[in-house]
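Given below, in the form of structure tokens, are the structures.
Next come two complexes built around chain A: one with chain B, the other with chain C.
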Partner chain A sequence: MSNVIEISHLIKKFSRPEILALDDISLSLEKGRVIGLIGPDGSGKTTLIRIMIGLLKPSSGKISVLQLSPEKQTKLLHQKIGYMPQKFGLYEDLTVLENMNLYADLQGLSEECKKTQFEKMLKFTGLAPYVHRLAGRLSGGMKQKLGLGCALFGSPQVLFLDEPSVGVDPISRRELMKMIYDLKADGITVIWSTSYLDEAENFDDVILLNEGKVIFYGHPQKLTSIVKNRVFLTGDASKSPRAVLRELIKSNAPLSDGVISGKNVRLVLRKNQQIHEVKLSPANPRFEDAVIDILGGMNMQVSAIADQIQTDYSGESVICADNLTKKYGDFTAANHISFNIKKGEIFGLLGPNGA
Partner chain B sequence: MKNFWSTCTAIIALIIKEFQIIWVDPKNRFMIVFPPIMMLAVFAFAATFEVNSISMIIHDQSDTPISRQLVDKLANTPNIDQIYMVDNPHDLRYMMDNEHAVVALTIPQNFAAELYKDNKTSIQIILDGRKSNTAQVVSGYLTHIIAAFQNEINAVNPPFIPVTLSTRHWFNPNLNYQWYIVISFMGVLITVMMLAVTALSVAQEKELGTFEQLLITPLKSYQILIGKTIPAMTIAYLDFTIMILGSIIIFNIPAERGYLMIYACIFMFLLSIAGIGLFISTICQTQQQAIFGVFFFLAPTFLLSGFITPIENMPIFLQKFSYINPLTYFFKLMRGLFLKNIDNMEIWQNIWPLLIIALCTLTFSSWFFNKKIN
Partner chain C sequence: MRIIKALIKKEFWQIVRDPSSIMIAVILPFILISIFATAINLDNNSIKTGLVIEGNRQQINDIIASFDGTKYLDIIRYNSRKEAQRDLINGHIRAMVVIPNNFAQSFMAGQSSPIQVITDASDPNIALFASAYIQGIVATAQKILLEIYGYNKNTGISIEQISWYNPELKSRYFILPNSIAIIMTLIGMLLTALVIAREWERGTMEALLTTKASKFQILIAKYFSYYVLAMISVAFCTFLSVIVFAVPFNGSLAVYFVSSSLFLFVSIGIGLTISTLTRNQFLAAVTAAMFGFLPAVVLSGGLFEISSMPKIIRIFTNVIPATHFVPVIKNLFIAGNIWPIIFSESLYLLIYGLLVFALLYHLTEERLER
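Showing the complex of A and B:
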């Protein structure tokens, strides 16, 4: 009885073009856990969620959520679950408060119920100062918090979040994750889908989907452990990390993955393989390494483009910014920004939402 | 009972949301109030079937007192603005080619002689076929003017007493085309507005992802449908009221059957259009598709409604389509209610088809809403 979701031999086919979106999936998900649904784009995450909440019909197989059939007892189920779709599902032309009122009424909350839930939700999301702001004017992180808050009206037992962290900066992402763990204390089961693998380590359980199949289901550390003792760092002071990696690839080293990491190259070796060409220092395995490895590793090839791009960064600047300032009324969006981007450089612009 | 009330609250919340979204955007407010006024004015005054300020070429080969009398009569006709006199067929041809006039009149050399001899003669009228509608109307005018001229000369030297026809136009005694246009146009404009509010708003919600959120609420699909229909109908009634006020103040159109009956009959029409709009929206995923769907529906609907051309003139297989066209019934109803004081039986004959259209489209959309998105 402690399983909230039971799925057996679930298959979903789409026609035109013919795609096998979910290929014989069987899962039993335990109550009160935060479950990450991870996998590359197009692996079937959204399809699985939509079937679980009754927005899509399965082609074959059985599914029950809270002992209800999403296909037949849809409306009964909708009273017991919360859902946050991939696209922001709120009305951008309404204020935060108007949206809250609407969703509370749609869930059929009574006036007293609304009052207590609003208070709790505003405290929980920190949105109290913004209640009269149009939802469309909120930053990405605040929108997601509002979406989450609204999905919680009606006290759902299971919460489905479809890629809630897309377009959300790391600080807001952490806040969202913290909110989810607060919910877990209330006994809510959370299904959180994401393609950001660095989030996965926060989940109680992860379901790894690939091409419609469940590749792994269990505690994330269990997955990470499959690459134990296979992750290393290497580097050569006299050569650029890119050159080191290229040589390794050209010598057909048994690599599952190799990425440049600062001055070093991070390598994941294939199972029971060794490299003797370069000096290796062991590194901590990450969840991401394990996922890449279990999905068959990267296709390690020398990039034809990278070979042609000159790596000499001393050339002329392609983009020069000198004391750039942009103001919208009183608001300064960019304040005296200066930088130069040289030919052949990959230049990153980082910052939280609204930076 | 508690369930019933919470469902009502939820539907009311949906309706309020719809108004809030429309109200918050000044563009939307403008779109609802201004077009009915503007379009009514533009269409009522611009889309007229009368032809005024005709320019005309006359080649008077006869050049006799009697032919000059005809020219004078034409020149004194209020609808004819400009007369160019030419003295050779060459100039006539040149001026017609260059669209200086829509009509050219050639009075033959033997005009007067034949008239006195046989009491019978002919005049050549050349019309610009490039403007076929105008040409047809002008031809009608000229026939009238020349017939009147004939009567005048017959009266002077009477071989026989001419027969005069006196025509009366019932229901619109002054043949005021604006009455016809304004009443028809109310239906056209309301159709466009309704489809925009229903079809496009659902498509927009699909684009924004809010529609999925609605589907996931405990509301049933027909309840969501009600939440979309009521705001659209309210807006349509608002527009309708604006146009009725216009019809009274600007055009003095009578309402023979009373406004209460008009408002009641409109309800069925609006319901059927809302049903069609929602039906289009259920099969469209984006606003662009919805616009295309609306357009695909509108063009044949207008043509097959009897607004532009009479239904009786269409081929039989096309006439059948007019039976499933809500506008056909709306036009019959409105013309009858405004101008004719039609009886209840005739009203009912045009109401039940609307009811069936509304029932079919609304049931279909409700069913499609319910169908799992694939």
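Showing the complex of A and C:
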């Protein structure tokens, strides 16, 4: 049997408040793959992971992980899996090394085993310069790397990661993903949950959950292909993209999704529909387009507020920063920063953790 | 064993790095002990005491001189017992001493000679000090008298002591041993009430549950770590009380160690149970203070006499572990090893502690839901 996880007709109900978190889920997950568990917030991702590792009991249905019952053979299962919870599960008041020692001991690693695993893990995560730093003082990305490293002690066969990329900058996110693919080479199966759809294309397989149901399970490209030939870009040099989109919506165009993309509008048409009002140029379908489409598309309506809100901004600044500098002791957090934010602007502050 | 060791190590790092646990374990006891100890000293000076001498003054001049010479009592002379009693009722004086008519005669005749001491025990501490000072004065005076008049095996002044308003005065003795019991409750219950809730709040419990560690190992590590912290605090408090504030310690240190351990076994168990039930640090702290710490202060018999409480509350006091520790620690300091009390209370605490542990073990879930 090459399936690591078998789930059939799994249902999970919570009481107070009564919620049907998982609604009749059946899945067979293959060994040695990186599987993305995706879906909007509240779709049941965390609940499913927690049931798979025995932290929650199913209300009904069957589940086996590595041919073990998470419900009855919990401790036995825990020796064969690694888990990284959504909240940082390590002790922030312990140093990196103390956390490593604790988790290595809790996984029953021998002293020699510890030495080689620590060396490997520090090299792998790049945490070697920070071993004596308190875990609470690490950046978001480093915390997740430490969490991942600790989850790997005891050489698990399946690794469960619950939203490992939340609060992690794109650079660290890529590093995390690369680590996971290095692990895959060792034959580990990885279950990675996320609500960031742009991560999904990296996975071997994705499970798309919505309202406790599996909407899709398979290779991400297979999902993307459902919107093939339905994604277009359109634009009008004389009008703002927002105005173009608003007119399309008002004319009841058969849109599944429409988003502003720079000077253009990116449109996903509903199946077997055409529009002729505007000139369309075909675009490459994205995974995100397919997910929105399969979840029923966006509710395309013109915002009542947007129609009324005054859009003529005279260019007055509401926030002005002039040579802003902030130091914490010797550390300069912000160094001579100047900018103006004008009324009506959406102003983005971008940068990796600690920028 | 290795898992328990690793968990204990973790608990110690957390204790050491958390300034609040050091505060509660060392600084707070220091402040509490100092306050209790100096409160006693403040009461030392000039307790207004009435002195009624019914008989011939000449023969007992030495006794009167002893009373007049003390700096602890502010002596006011009365001509009759009635006048003194009226002032005691009014609260003008806190205690009165009556040297009866036949005192000199019987003393000279070598008989037992009573002196009456009446204290206003509505403020028990002051009453306690007053009677203690009077006893001291009388003992000194007796020594002088015996030197003058010669020894006789029957000779001696006996003090007939009456504590008005509260006849149980004697059982409520020194306050510092009680405050040690209160401090132990503080560490054993309040600090531990936070620790499991903290693991739930921070999400570390979720990670811990997926390791090899069993709930038994997790609990034992917590019991042990906070037991050690509390015992350090107990040693510190005892040192302060005995060495700095000169409270006598008459019992055996081994008994003290064992009974303190049993008391902490119960207290820590209750604290951890509260923590497990609430899974929220704030709620746990409030619960521990309301149902653990306050009753220990008010209902354990440390400050207020249990036998004077209504029956239903008296029954309730048995639930409070401090109720079964205060008599032991009080006797260890003041009286010494009183074995019947030590055995019965220790057995009670042991059984109580085991029951709490069983309950805690039952309540501790190895899953996220109950």
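Here, the second predicted complex is superposed on the first by the 349 of 355 C-alpha atoms of A that agree within 3 Å, B and C clash if a C-alpha of one lies under 4 Å from a C-alpha of the other, contacts with A are read in each partner's own complex, and residues count from 1 in each chain.
Heads up, the rule we're going with is that a contact is a pair of C-beta atoms (placed from the backbone, for glycine too) under 8 Å apart; a residue touches a chain by one contact, two chains touch by 3 or more.
Just so it is clear, the structure is predicted and the values come from calculations on it, not from any experiment.
J.: Clash or fit: chain B against chain C, after overlaying the two structures on chain A?
T.: clash
J.: Return first, second, both or neither, reflecting whether A:P285 touches chain B, chain C, both chains, or no partner chain.
T.: A:P285 contacts neither chain B nor chain C.
J.: Considering only the touch criterion stated at the top, classify A:E92 as touching first (chain B), second (chain C), both, or neither.
T.: both
J.: Let me test your reading of the model: by the given contact rule, A:P220 touches which partner, first (chain B), second (chain C), both or neither?
T.: neither
J.: Under the stated touch criterion, which partner chain does A:G44 make contact with: chain B (first), chain C (second), both, or neither?
T.: Neither partner.
J.: Under the stated touch criterion, which partner chain does A:G140 make contact with: chain B (first), chain C (second), both, or neither?
T.: neither
J.: Which listed stretch of chain B (57-65, 75-83, 93-101 or 111-119) steric-clashes with chain C in the superposition?
T.: Once both complexes are placed on chain A, chain B clashes with chain C in 75-83.
J.: Taking the contacts chain A makes with chain B in one complex and with chain C in the other, which residues are shared?
T.: 50, 53-57, 75, 78-79, 81, 83, 85-94, 98, 101-103, 105-108, 134
J.: Spell out the residues on chain C that touch chain A in their complex, using ranges where they run on.
T.: Residues 2-3, 5-7, 9-10, 13-14, 17-18, 202-204, 206-214, 366-369.
J.: Can you name the residues of chain A that touch chain C in the complex?
T.: These residues of chain A touch chain C: 50, 53-57, 74-75, 78-79, 81, 83-94, 98, 101-103, 105-108, 134.
J.: Could you please specify the touching residues of chain A with respect to chain B in the complex?
T.: Touching chain B: residues 14, 50, 53-57, 71, 75, 78-79, 81, 83, 85-94, 98, 101-103, 105-108, 110, 134, 154 of chain A.
J.: Along chain B, where are the residues that touch chain A in the complex?
T.: 3, 6-7, 9-10, 12-14, 16-17, 20-21, 24-25, 208-210, 212-220, 372-374
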